[in-house]
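Note that subunit A is present in both complexes that follow, paired respectively with subunit B and with subunit C.
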Partner chain A sequence: MSYEVMVGNKAAATACKLARVQVASAFPITPQTTITQYLSEMHANAEWDFDFVNVEGELSSQVVVQGASRIGARTFTCTSGPGLLYMHHPMQTTGSGRLPVVMAVVHRSYKGMQPDHSDLMSQEWTGWGHWYVEHAQEVLDSILMAYKVAEDPRIRIPIAVGYDGYVLSYTAEPVEIPDQALVDEWLPPNKPIPEVLPDKVNKATFGRGFGGEADPQVPWKVHHDAILKIEEVHQEVMDSFEKTFGRRYGNAMIEPYMMDDVDVAIIAMGTIAGTCKAAVEKMQKEGKKVGLIKLRSYIPFPVKDFQEWSKKLDAIAVVDRSICPGKGGPVYQRLRETLYDMKKRPLTLQFHAGLGGKEVRVRDFELIGDKTLKAVKSKKVEEPVTWV
Partner chain B sequence: MEEMGITPGSACQGCGAALAARLAFKALGPNVIRHGVPCCPDTVTKTPQIGTVFEGGGALLTGTSRGLKAIGREDVLAVGFFGDGGTYDIGFQGLSAAAERNENILVITKDNEAYMNTGNQRSGATPKYATTSTNPVGPKSRGKEQPKKNIPFIFAAHYVPYVATASVAFPEDLIAKVNYAKTITGFRIIIIQSPCPVGWRFEPEKTIEIARAGVQAGIWPLFEIQNGHDFKLNYKPKELKPVTEYLKPQARFRHMTEAEIAEVQEDTTSKWQSLIQSDEMGKVLI
Partner chain C sequence: MIEIRLHGRGGQGAVTASRILATAAYEEGQYSQAIPMYGTERRGAPLTAFVRIDNQRVRERMLVHEPDISIVLDPLIAKQQGVVESLKAGGIVLLNTAMAPEEVKLGGDFKVATVDATTIALEVLGRPITNTAILGAFVKVTGALKLESIEKAIKKYFPGRLGDMNIAAVRRSYEEVKGPIQAVVKSGVQEKMDLNVGGYGVLKDVSSWRVFTPEVDVDKCISCKACWIFCPETAIQWDEAKKKPYIEYNKCKGCGVCANECPVKAIEMVRVEV
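== the complex of A and B ==
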């Protein structure tokens, strides 16, 4: 292995190389842009044998990888904010097609250039696995794990790995690069499944629904069940990743941090989970019983984990870095739904922070912690929604 | 040649597009993957088919072609069978980009001059004065106001290896063009005029007659453009037949006045003269 100080976008491109991606396609958009440049350089320098298609828009990049994945190639694409919205239509066909595409989503807000999670959150109906990661090392590691999960025959679902623009995409940190031989052994080069080749099939149609199934709900159920199955496979992959490379991120679905003997958990995602770690350390030194549960997998949602944790907690503060206008914070709502059937439910508080790229500081998390502790003390939530 | 068409598939009686598919895919043979985007008719061949979103035809062919290269199966040809909507309009951006990148793909466009899948709404391929379900004739409308987009020349202007037009009434010419396209690499597109009895409103047994009249009147000229430059007109009658022979049997043009027909005649003759000149020079000036 080796170390390199690299920005998050280079970590993503490096993961493509380690995974021996065969066909990549992308359209530049800030703050994803430099991934396209790194991949173009790696292609020009023949760093490994792959094809990089510089297309005329994000919709086409999604469809190019969809096509190449259908043929059995290992594929990669990446985008940000508005580019992801433009991909929305073919993302559904990639999802319904059960094609193991891996995509880096470098978060950018709907409203402005700065990061929040509104881009990926708005794609929750497209039938993909949705992961959120915190730092450049986790970007590299998660993309490698995403291939292993997505291509698992039990899964065959595309996975989006989201990380915050600028804070990660353009900020350099030391990253450990695993040895290629070790990666090859753990994630063998792709063996194509050429089910669509003319010498293999006849009269077969892929990627188009014409109806006519005995029960038209069946494809929806099968798709839904496959996504739920990601939880188990993701956890297996995390275990084998740790065994091979010596790193792990919680149980894959969540990463609890300083959660021993606490009354309150803060749920946060992405880079601000890192800020929250610092806040939790400070608060615990001051005797405040507040820990962090970093949420890594939004789809599928770690239902069992939160139900277990809820038994030990008096309150959960959910920090949503996105909002569905008129509906609310997606993680907060999902969590409350998850806890509904529990006999004992902790109090839940909704915090909106970091939307439109607003900076979230350690002291903001202290405020979140204090407010939640206060609710615990008074046994009620006076103000359920707070804009930090 | 093996028959690759499906009878009756999803086509109506007298469907020009089903005939275009039958001829083209018979010439292509079995070692192809057909790519479809929403179009009419859709179920036309027994080759494996991959579909995607309406606007994604060019990118899907790109992905398949690159994927075939990645797995070492470049012997298989990625073929698109799209309608005029998927070529001229909603699919144009992706196809234009695939042409500009000179992707190793073959596009067969069955041009039935309107969105027939949804019931005959106007497209960029609908000719002037044609009525469609979105160009009804009324006090404020004489049918479609604008001319048909010149898509073969637009693709030629991408400097791609091969652009051709073809007609279901000229099967030898159509098959020869498909056979030639098979022998070369890079971006190839063949646009086949495919009369639609339902949308154009004529009796189903007249499909070939109408297609033939279109070619003989110079309304749908048969030509090839190679590398955006080399031009060849494939059918050159000594004298063009009048456009009325093409227009009159189709109820979509029934409302046209003598003056409007004269305008179409003049426009057709003028464009034909340009094509004859290009043919004599052996090149187009793009």
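== the complex of A and C ==
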């Protein structure tokens, strides 16, 4: 094992190298990130054998990796903000085609250049697994795990690993680089999908409909069921990752932090979860019973985890770094529907923080904690939505 | 946790300095984080970078708002009160200036150390890139990191002869730094300047960006207008009567394009002492 002080984007490119990605494709200009710069350097230095296809737009880059993935190559692409929106159309086909593409999404707001989660959140209907990570080490580790999960024969679903632009993509921090031999052993080469033609008897399909009289809803159902299965496989992969490399991130779906004996949980995703860890530590020193549940997998959503945690909590504060205008915060709404069937439901408060790249500081999380504790005390949510 | 803020200009290597510090810290078994100030940086524009050093993985993902140490790579920025803004009480400001700490006009409850990093960089590296030249002074003044780890980190960023030259600059600034002493002035000046002002010469005065200043020898000039055409900031003006160029210095950022383009070498870049 070696280490390097590297930025988040280099951690993503290094993960591609460790995973021995065979085909990478990307649009190389703004809003692209420096991931492609690192990949180009690695390609020029022949650090490993792969094809790197620079294309004229994000739509094409997604289509290139689709084709390569279809014949069994391990593929990678990356983009950011508006580039991801331009990729919306072919992303559906990748999901529908059950192609285990892994993509790094470097979050950038579509109202400005700075990060928020509006880019990846707006792709929730594309049929991918959606993960959100906190720091550069987690970028590297998660991309490796994403290949293992995506390529599992039970899953075969593309996965987007999202991390915040600038604050993570350009921030340098020490990253441990696992030994290539260990990664090779842990992550064997990808295989082509077992069968491209639909199996009418077992109602299985990797994308195509059955045609004729057959039920046209089946491809949707099998796609949905496959994504739900990610939860179990992701947890298995996290266990084996820890066994091999000595690091883990909660149970893969969520990472609870200082959640012993607390009344209130804050739910946060991405880099701001890191800042929240520092805030939670400070608040608990002051006797405030506030912990953090870092949400790592938005799709599939950790329904069971939150239902279990809700039994022990008086209130949950959800920090959404995005909003569907006119609809609301996606994590807040998803959490509330998750809790609907519970007999005892904790109070839920919605906070919007860090949209348009607004800096989120430790003191902001203290404010969120205080407001939620106040609601617990008065057993009432006075103001359900707060813009921090 | 130690929090550091670096002030410099695009091209002086503040971001690289922040990464060298972060790498040196990890060499000593500490965790670290190096954050550039996000924006559209370019050569000559004032910019800031930040470093955190801690004994556990740094969780905070925000800018450093109250640094323990402020490192200033540029002699002109070093004169502005903004470099000590929000510095923690008892903190240290390390300035690149030829002045002794006693002569520094910045005021507040902090310590001042000075080193003439520009001269060291010019003499050792041949270029006014002060990012490594100031790190030796940082080690001497703060004791936060060891000289060996800084040198080890520099070798990762600059292999070979360039690394040796940078290490020589580090060692010299370690020897030559003066201070720290308690700031002589008790409270800061009222007038503060935004350190992150950007904008091109046509909009703003960028004369403080210069390390070298162009001077035109009108006798040598053959009136070809090459300098006038190539100046990216429209700082070179044309005197139609004399058929000679003249320079509007408030627009000149000292890039040296004019001197480079002049076919008869009638423009010389001169270092102006500050």
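Operating definition for what follows: the second predicted complex is superposed on the first by the 361 of 388 C-alpha atoms of A that agree within 3 Å, B and C clash if a C-alpha of one lies under 4 Å from a C-alpha of the other, contacts with A are read in each partner's own complex, and residues count from 1 in each chain.
FYI, contacts are C-beta pairs under 8 Å (C-beta built on N, C-alpha and C of every residue); 3 or more make two chains touch, one makes a residue touch a chain.
Source: prediction; values computed, not measured.
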Next item on the list: Answer with first, second, both or neither: which of subunit B and subunit C does A:G67 touch in the superposed model?
Entry: first
Next item on the list: Considering only the touch criterion stated at the top, classify A:M258 as touching first (subunit B), second (subunit C), both, or neither.
Entry: neither
Margin query: So in the superposed three-chain picture, is A:V53 touching just subunit B, just subunit C, both, or none of them (first/second/both/neither)?
Written below: first
Note to self: Just to be sure I read the superposition right, which of the two partners does A:V381 touch: subunit B = first, subunit C = second, or both, or neither?
What the structure shows: neither
Notebook entry, point to check: After superposition on the shared chain, which partner residues are touched by A:L85: those of subunit B (first), subunit C (second), both, or neither?
Noted result: neither
Notebook entry, point to check: More subunit A residues touched by subunit B or by subunit C?
Noted result: B
Check: So, A:V167: does it touch subunit B (first), subunit C (second), both, or neither?
Finding: second
Notebook entry, point to check: Is A:V362 contacted by the first partner subunit B, the second partner subunit C, both or neither?
Noted result: second
Next item on the list: Mind sorting out which residues of subunit A both subunit B and subunit C touch, each in its own complex?
Entry: none
Note to self: Which stretch or stretches of subunit B touch subunit A in the complex?
What the structure shows: 6, 30-33, 36, 42-43, 46-53, 55-56, 58-71, 73, 76, 93-94, 96-97, 100-101
Check: So in the complex, which bits of subunit C are touching subunit A?
Finding: 18-19, 22-23, 26, 31-36, 38, 57-63, 65, 156
Checklist line | Footprint of subunit C on subunit A - complex, ascending | finding: 3-5, 114, 134-135, 137, 164, 166-168, 170-174, 271-272, 274-275, 277-278, 359-362
Margin query: List the residues on subunit A that touch subunit B in their complex, please.
Written below: 22-23, 25, 50-51, 53-57, 59-73, 75, 89-90, 93, 192, 194, 196-208, 210
